[in-house]
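Read the structure below first, then the notes.
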């Protein structure tokens, strides 16, 4: 029996990716699309300026977009809301008893809110038990920023095997990461912009939390030092990152590559529909990975690594690629929901409501 | 009285940039264009598949391309030859008495060959005196790889002021750096390629030589540790580089920015025609520099720096932009020639020949 | 029982698209991959420089590439060969008894060779009966040039309903149409090239044959006058074409749009796996179609039309988009094979060989 | 003695191009920069988000932007205002006695307002005498839309030599034509948008007026039938147009090419600083013109033509390229001002004011 799903911010770029990825999902069925007042009341086909390269799924086109009010008929909501409104609306939904699985940044660094990558820190979902939304049964779970997720998935096996002392990362981020209308074409065509507002700080903070340890007092941040420099490049989808790492226990490039490529992670054998069978793939062809060729690997959920080599300054370095709107946004949130379901944290709210 | 100039490899991408930049030059006049046998005998207009965004200067179109043989009527030659043939041909010209001012990589790391950036190490031209081409009077001088020059011009003032212990650089390099036909469009449009053959090693080695000290035994390499990761991005002209530096004597980001922005260099007051009045410009607007907007600053000879900030891992970091086919190739070689002239190392060969 | 399929030119751009599209095909299974001597003997994974945005299907990676010799174990071959070698090799395969379903241009305009678009002229396959390859049972069938197919699919319903007197078409063609390495990136990034060798003549000739009538003497060319101007634009996949038509029987833009959008074509109800349920889709949103959004409609097999409006000069005009490497090459050839199978023209050659 | 020039809309994309092109102009000196209330009072350096590839001229950076009020200290104004406000503001300046040389579309089709291309219809400036702005001495002159100007400059010599019966044009227009922020990068990168609002109607109407005849009753529109289809392509600068023409008196492609290439136009010998010595250049290399290579020919003021060939449908066809922000906007307006000066229609307003 599948869960009924609502999407907050359904008409935006992230919301559209939720719609695209949930088409045909074995567990989750979209039953409510919500967006701003401007869109409410219109069929989704008209309300959403569909920007994807794949067509809008047939069945959602005629659904009427609703306002983001807490009367949506669904078991939980995905949130693709803009940060400007996500704080208030997501809080209202949690207070009304909805699980909120959010891509917005607002609650990511809250001590009691899990910042989750299922392959990295699935146990952090225990923070849910520390949340208090007036006894509603609702909660909020978040996924990291699109530039953080690829980095941390590559770092996790190294963290486990060798310990991470310091990370230096330079990103080359795709245009779709800025949403729509996003970057003006005169700033992007044949150009690089060496700045993405707030991104460098987010990468540092979120990495510390994701690699942190769950304790009785919440998350203890990992003690790795992180330095990020973020750039926007003329790529449609897929964030590339040049990562150099100083390990606590030195390792050769070969060892590092082997540990990443063989990383199974805690999801192995769980059968989560959206989980890639291999979380991190390491290329030996030095021309790879490339955004146009590999961003969509395993449906956009696999992280690609290449050019693993010694770094004379920090020890080891490599290139990471991950799909920013799938693994880095909607797909990551969907995998979070699949994890929560496997952990027994999602309920069919009709029953829940009846019980209440 | 201007010098007569020959261009070796005149029909290639670098050769064309020499032709473009020498149009109207106050000191140097093109009197010979030389290229492969395939082009020899044809008017330049037909032999060269002109790829620039500015039209071929009128006067060179009708010049007949010659073979790369040592009978060119000129006082010295610029070489834009491919590395596959540059070693032999440049050696032959030096042996025949020509000063060879080369952009090719072949002789760059030879102990007796100056690898020159006039603003950085003008005195290294003294290595010329150690060269022996059979008493011909000829010599070879080189400029660095297109990805090295921007980096080293930004590093030089820091090297002088604080000492450089380690450098970590990630490049985002323009397509024109690969020449023509160069990168296939299916590899470049909306894509990033995380590999440029040989580039990472070149950046490390050349930086060490450029920042090295001239001693009685030749150049003593600088002891800075260099780590480079090179990427090709869909930009036409202008290499962007994210640079992080560990200084020997720590300095704040503000101090680092001030030292770079106020760097005058040894050319101040010399009036070299191609030298930018300000070698390194530091932007405070965090969106800058950008290749499309700033690569052509000061005719493509100025290096642009931005986003100077603390690096929690290495100390300080910033972004560098330099024009790869001008400052990083033909323009750099022309400035080298202007320096050599100012140093009295160029002669009008007719007299020289008469004298001989 | 599925057919065993060989692919000639399997390592090239078109060959790779055959491999990609045949992955999981319900009727056709790849049993032989053939390419040039240089590739023969290598695993496909090594021989092919895989350029697609989707990964090479697992099962073909280890297949050993063979030479293009007529001992391939398969029931028929798809040919993605370059025109330089296709004439000879395809003829040899036909002579050896293989049906050859070719994307190459060599035989397209031969009087006895069908130039096929299943939705347009399925009956032209009867030309096969006029071919004589020494009684081998082999034959050759071709699909049109990538720029012709979208045009003709849009014209066919108009031809049937109103008659076509003259066609004026301006193309904006994707880079993948030039194969790999194809267009140098310095010619394509932020640029338009107003010339594609031979393309304009091909569009005119092929359109005449495709819309022609099958008579006892072969194909009688359609009498429409065609004028084409072909341009290369910086798009990855999907040829856009601005088409203006002078109809024999005038019609309004609305009538023209309706006739195209409701075109069912002769494949309706046949259940060919690769056939789109709607061959031509007409958009009313004047911003559409666009290559990035719509080229992959119906798996890249649907032709998209938009901006249908009156043309003060020729009568009616519109924009057509079709996927050049799918509908315009490998996908079109696969649909041809599906049609031939439905027409009973493909046999399982083991039996055939036994019978012989 | 040079004229003092004000720029209305100085901070916008067109305004910035005025500033760039007027740097060092021999006749016109910027003395006033005016923009919206939001910019007024700020130094131009801060008020303008400078988007050009060449740096902001030094001297204007510190000028204080003023409001668009009719107290600007200048002899005439260039207007780069948006159409939303240009009607009112330009009218106010004309009424206050300023000559207004506008790039906005608001007054272009007014019967008494000259729509001017100096090489095409310089005599249309006589319409100024029909304008009545309350005896102020002010007037308004306009230049055509960026997509019209290249077309009409190529058509003019054909109109004179053979007469033009019908024109079919398909445009491939650069992103800079949409201003800033303009086209979102997700709509432009690797994409084509087949629609530009209002552009097709503008091209038809403006062409009729530009090629029209000046009579005692104003302009008699040319009787050519025009059909335009406009597309946005991922090019930075330079509109490409595929033009097919039905001439009243048939001519071969060779004759058409010769007439265009040898077109001198009415400016020959007048010495206008911005006028290209050859207004229309015809390429014989079928790969040319291309936006990246040729848009900036003659400082962006020359129109490039190529691929002149027979059109089986309309008679003759060719490709036209013109720089959209220079020839098609600010540069065209500056040339208009130079023409008006040569015609004695500009005065030094200090004297004018004193006289009044």
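So that you can tell them apart, the chains are marked A, B, C and D in the order they are listed, and the count of residues begins at 1 in each.
The rule is short, and it goes like this: a contact is a pair of C-beta atoms (placed from the backbone, for glycine too) under 8 Å apart; a residue touches a chain by one contact, two chains touch by 3 or more.
Treat the numbers as computed from the prediction; the structure is a model and nothing was measured.
J.: With respect to inter-chain C-beta contacts, which pair, C-D or B-C, contains the greater number?
T.: Higher contact count goes to C-D.
J.: Return the distance between the CA-based centres of subunit C and subunit D, expressed in whole Å.
T.: Spacing between the chain centres: roughly 43 Å.
J.: Could you put a whole-Å number on the gap between the CA centroids of subunit A and subunit C?
T.: So the centre of subunit A lies 40 Å away from the centre of subunit C.
J.: How far is the middle of subunit B from the middle of subunit C, if each middle is the mean of its Cα atoms, in Å?
T.: 48
J.: Where in subunit A do residues touch two or more other chains at once?
T.: Residue numbers touching two or more other chains: 51, 187, 189-190, 234, 236, 292-293.
J.: How would one label the connectivity among the chains shown: line, ring, star, complete, or other?
T.: complete
J.: Hey, which residues of subunit D end up touching subunit A in the complex?
T.: Residue positions touching the partner: 51, 175-176, 178, 180-190, 234, 236.
J.: Could you list, by residue number, the parts of subunit A that touch subunit C in their complex?
T.: Result: residues 50-55, 189-190, 236, 292-294, 296-297 of subunit A touch subunit C.
J.: Please output the residues of subunit C touching subunit D within their complex, sorted ascending.
T.: Residue list for subunit C touching subunit D: 166-168, 170, 172, 187, 189-195, 204, 225-227, 229, 231, 233-236, 240, 242, 244, 246, 286-293, 306-307, 311-314, 317, 319.
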